[in-house]
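Chains here go by letter, A, B and C, matching the order in which they are written, and residues are numbered from 1 within each.
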Amino acid sequence: MTAATTDLVEGGANARKAGQYVYIAAVVLLCAWVLVPLYFLLINTLSSPETVNAYPKRFIPEFDLGSLTFFANFAGILTALKNSVLVAGLTMIMSITIGAPAGYALSRFDFRGKELFRLLVLLTRAFPLPLLALPLAVMFIRVGIDDTIFGLALVHTTLAIPFAVLITFSLFSGIPIELEEAAWTLGCNRLTAFQKVILPLVLPGITASAIFAFVISWNEVFAAAVLTIENRTLTAFLLQNLDTSPLHLKFAGGFILVVPALIFIFAVRKYLFAMWGIANR
Amino acid sequence: MAVIEIKNVAKRFGDYQALHDINLTIEDQEFMVLLGASGCGKSTLLRIICGLETATEGEVWIGGKRVDHLPPKDRGISMVFQNYAVFPHLTVFENIGFGLRMQKLPDNEVKRRVERTAGLMHIDQLLKRYSGELSGGQRQRVAVARALAMEPDVILMDEPLSNLDALLRMEMRAELKGVLAESNTTAIYVTHDQVEAMSMADRISVMHKGEIVQAASPIEVYRNPAAEFVAGFIGNPPMNFLPAKAAGDGKWEVAGNTFDGPASGAPLKFAIRPEDMHPSDSGIKAIAKVVEPLGAHLLVTCEVDGQLFRAVLESDLTVKAGDALMLAPHRDRVRWFDPQTTLAVA
Amino acid sequence: MNPRLLPYLLIAPVTLFLCLFFLYPFVLVAQQAFSNGSGFTLDNFRDVTSHWKFPISLRNTFLLALAVVPIQLALSLLMATMVNRMKRGRDLILYIWTIPLGISDLAAGIIWLAIFEQSGFLNSMMGGLGLIDSPTTFLSYSTPVMVFVAIMLAEIWRATAIMLVILVAGIGLIPKEYYEAGEVFGATPWQRFLKITLPMLRPSLQTALVLRVIMAFEVFAVVSALGGTLFPVLMGETYEYQFRLLNSGAAAAIALVILAISIAFTLIILRVLRVPKGATI
């Protein structure tokens, strides 16, 4: 009887232990699933062009900067890189300056048409927006901002605005209105209360959503390819030359595309979840 | 010197009438408590006085100046919030000095006033800390100190103690009363806690469904409730009611007893507080249902003619469920209400 | 200033921006698609749909969505529940798993190219293990299945993170008491997942699926990087019409087809996963 019970208990413990191992193995496996392809890209980037095109591949990088040097010297690519940074920077500034006030309005006021406005913003998120680059190309020619960094930044801002509004909305909602009211009773008007109390508290979050906007623009391919011809961004440049450019150029370019992403996810990781949590309510 | 006058103030949120035609004058240096259940409009009224909410109709005057069109900062008030609203990005010192800095006072004056009020609230040791490093009670002290440092004419408090635990609340209650009495400010204090109201107030305004039912001293509100609502809301357990039948000549028949009452023809309600009765040979016949020894007293829940009836009796009495009691009311504590208007009848 | 006007002032920039760069181009696309310069016509649609590549790209896009989205749904649910019971290392694991969120589809295509190209890591690995003698070609006309699998893997790798983030945020909103109650009433972990997590997660599932499905019909750069013209998809055809064939009317027509499919699927998802009124947390 006692022996049987101990057996049972041990059996349960063993099963739990086995489950624990399966669980840990699954976690490790899924991490590998994400990281190993990135590692392969890293190997290719840090190898000489000859090695990149050779077979078989080694599984350790040889730390040769040949591919990256080739990338840097490739005609037009540094301009493309510069364009990407400029467009993304502009997008970042525009989407925050335009989006944050709306996020604040959504979190602090009840007004007629609020639901309609929310719907408009959510609708934007649920649309294949890059498609709209097609008519905008025509419109931009008419206004004379075709093939410019500013024109593309406008389209990318449209992409980034729903996120900017939703993130800032959740940020402002996370700050009790009483803090603002307290500031008003202590001699602030709306503007000074915002400066002295709200802004210092949301600044890290605003930074995160600015980075988010930056990466949305940095990664966007279709609209960039449609709207720029001379002033290609990095993504548009790589896409256009996909069938003609050598492998080592692609991999080095891919690597340059990935680096900001890694930093970005690290910088905004705290806000990612808060943002989606509130967006669903 | 700040008398507060509220004239014909009404507030609507869409179709919902939160406040009906409120008229109230609060004297200089008076401690006024707005008391009521949640949703009665007491916080809305406070926020209208503060300027965080605009009244749909009516006027607010502070210190002889009409202020209802002014932003909060120009009303000469300061406020203590329910959730303290201590700024998390500033130290305790900067929190208390926040309003003074906004007034651009010189550094030494800010320092003097912060240190004085911090001393008053016993938080001089905490000046360098941030709100995250403080307990609830300490945050409360910071919030009060911040309001006092402004040396306002009027201090407004919105349930400032309701987030504290019971013991701390009792301690803070007494302390707050003392500090405010010394500061010579007019105070308006919103609460749903009748004990808090009774113990702190010079005058209580009992609010119900957007109206002030009675504004009087605590003892007056307790002894002579102006309406059934007040009688039922104040006092724990609340007042007992029984139907009374007119027996002519100002005599009323209540549960088989005859009492002297107002000379009125219409039927009335008889009311008596549970502690204003004693067991006797004659009186109201009550069947004990539940007996709860509360230490100092014995709370007996009874039935009188099928109606709920409570009595608070001496604790050394032996009563058990099912016993029949004869409860004799103290005649001068009996009150009468008109069931039509629910108002008190003298 | 009138405080009633303040919220409108704050949302004005976003509204204006979205009208100009979202609603207006949307009208323009429709106009372009339905006109041939002289008036209303369905010619563009007729041209586009009668082209031999259209049924293929339509089929490819659907096949890809059908293969990828269910796997991603299962995978992201699994990962989200795993993260949810994690105690140590939760932040690190979440960071790793969400890295692909910041990686553009072009970069993801390039990353998987490093694995599947002829001298790539898959061949090197199989060669190293002695499974093959010489490197095989995975991405060519003769291996349509491998092309599909490569694109599929790249898509799963890249876009599971967005669903994961939404679902993790959603699971975080479900109060722990429900699980405790489930446990008290004798529900097994699997039953708790089926009866508590899934139903309560519906709003998040909605958002995740809508976003993911829309992205699936927009698939473009991954396909370009891995399959080139081997695997035509709708978005790629739009790009072709706009640039190679310089037929913006046809490009607009396909864009409208993609839009219509996206909207149809969004409505279906919202309908299937709707939460009855009053049944929210």
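FYI, a contact is a pair of C-beta atoms (placed from the backbone, for glycine too) under 8 Å apart; a residue touches a chain by one contact, two chains touch by 3 or more.
Just so it is clear, the structure is predicted and the values come from calculations on it, not from any experiment.
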Identity of the chain that, by mean CA position, is farthest from chain B: C
With centres defined from CA atoms, tell me which chain sits nearest the overall protein centre. A
Just how far, in Å, is the C-alpha centre of chain B from the one of chain A? 53
Where the centres are mean C-alpha positions, what is the separation of chain A from chain C, in Å? 15
What is the distance, in whole Å, between the centres of chain B and chain C, each centre taken as the mean of its C-alpha atoms? 58
Which chain B residues sit where two or more other chains touch them? none
For chain B, which residues count as touching chain A in their complex? 50-52, 71-73, 77-79, 81-83, 85, 87-89, 98-99, 102-103, 146-147, 150, 156
Please output the residues of chain C touching chain A within their complex, sorted ascending. 4, 6-8, 10-11, 13-15, 17-18, 21-22, 24-26, 28-29, 31-32, 78-79, 82, 86, 91, 93-107, 110-115, 117-121, 123-124, 127-128, 135, 157, 165-166, 168-170, 172-173, 203-204, 206-207, 210-211, 214, 217-218, 220-221, 224-225, 228, 235, 238-239, 242-243, 248, 251-252, 255, 258-259, 262, 266
How about chain A: which of its residues touch chain B in the complex? 176, 178-179, 181-189, 192, 196-197, 200-201
Per the contact definition, I'd like the list of chain A residues that touch chain C in the complex. 23, 26-27, 30-31, 33-35, 37-38, 40-41, 43-44, 53-57, 59, 97-99, 101-102, 104-106, 108-109, 111, 114, 117, 120-121, 124-132, 134-139, 154-155, 157-158, 161, 165, 190, 215, 218-222, 225-226, 235, 238-239, 242-243, 247, 250-251, 253-254, 257-258, 260-262, 264-266, 269, 272-277, 279-281
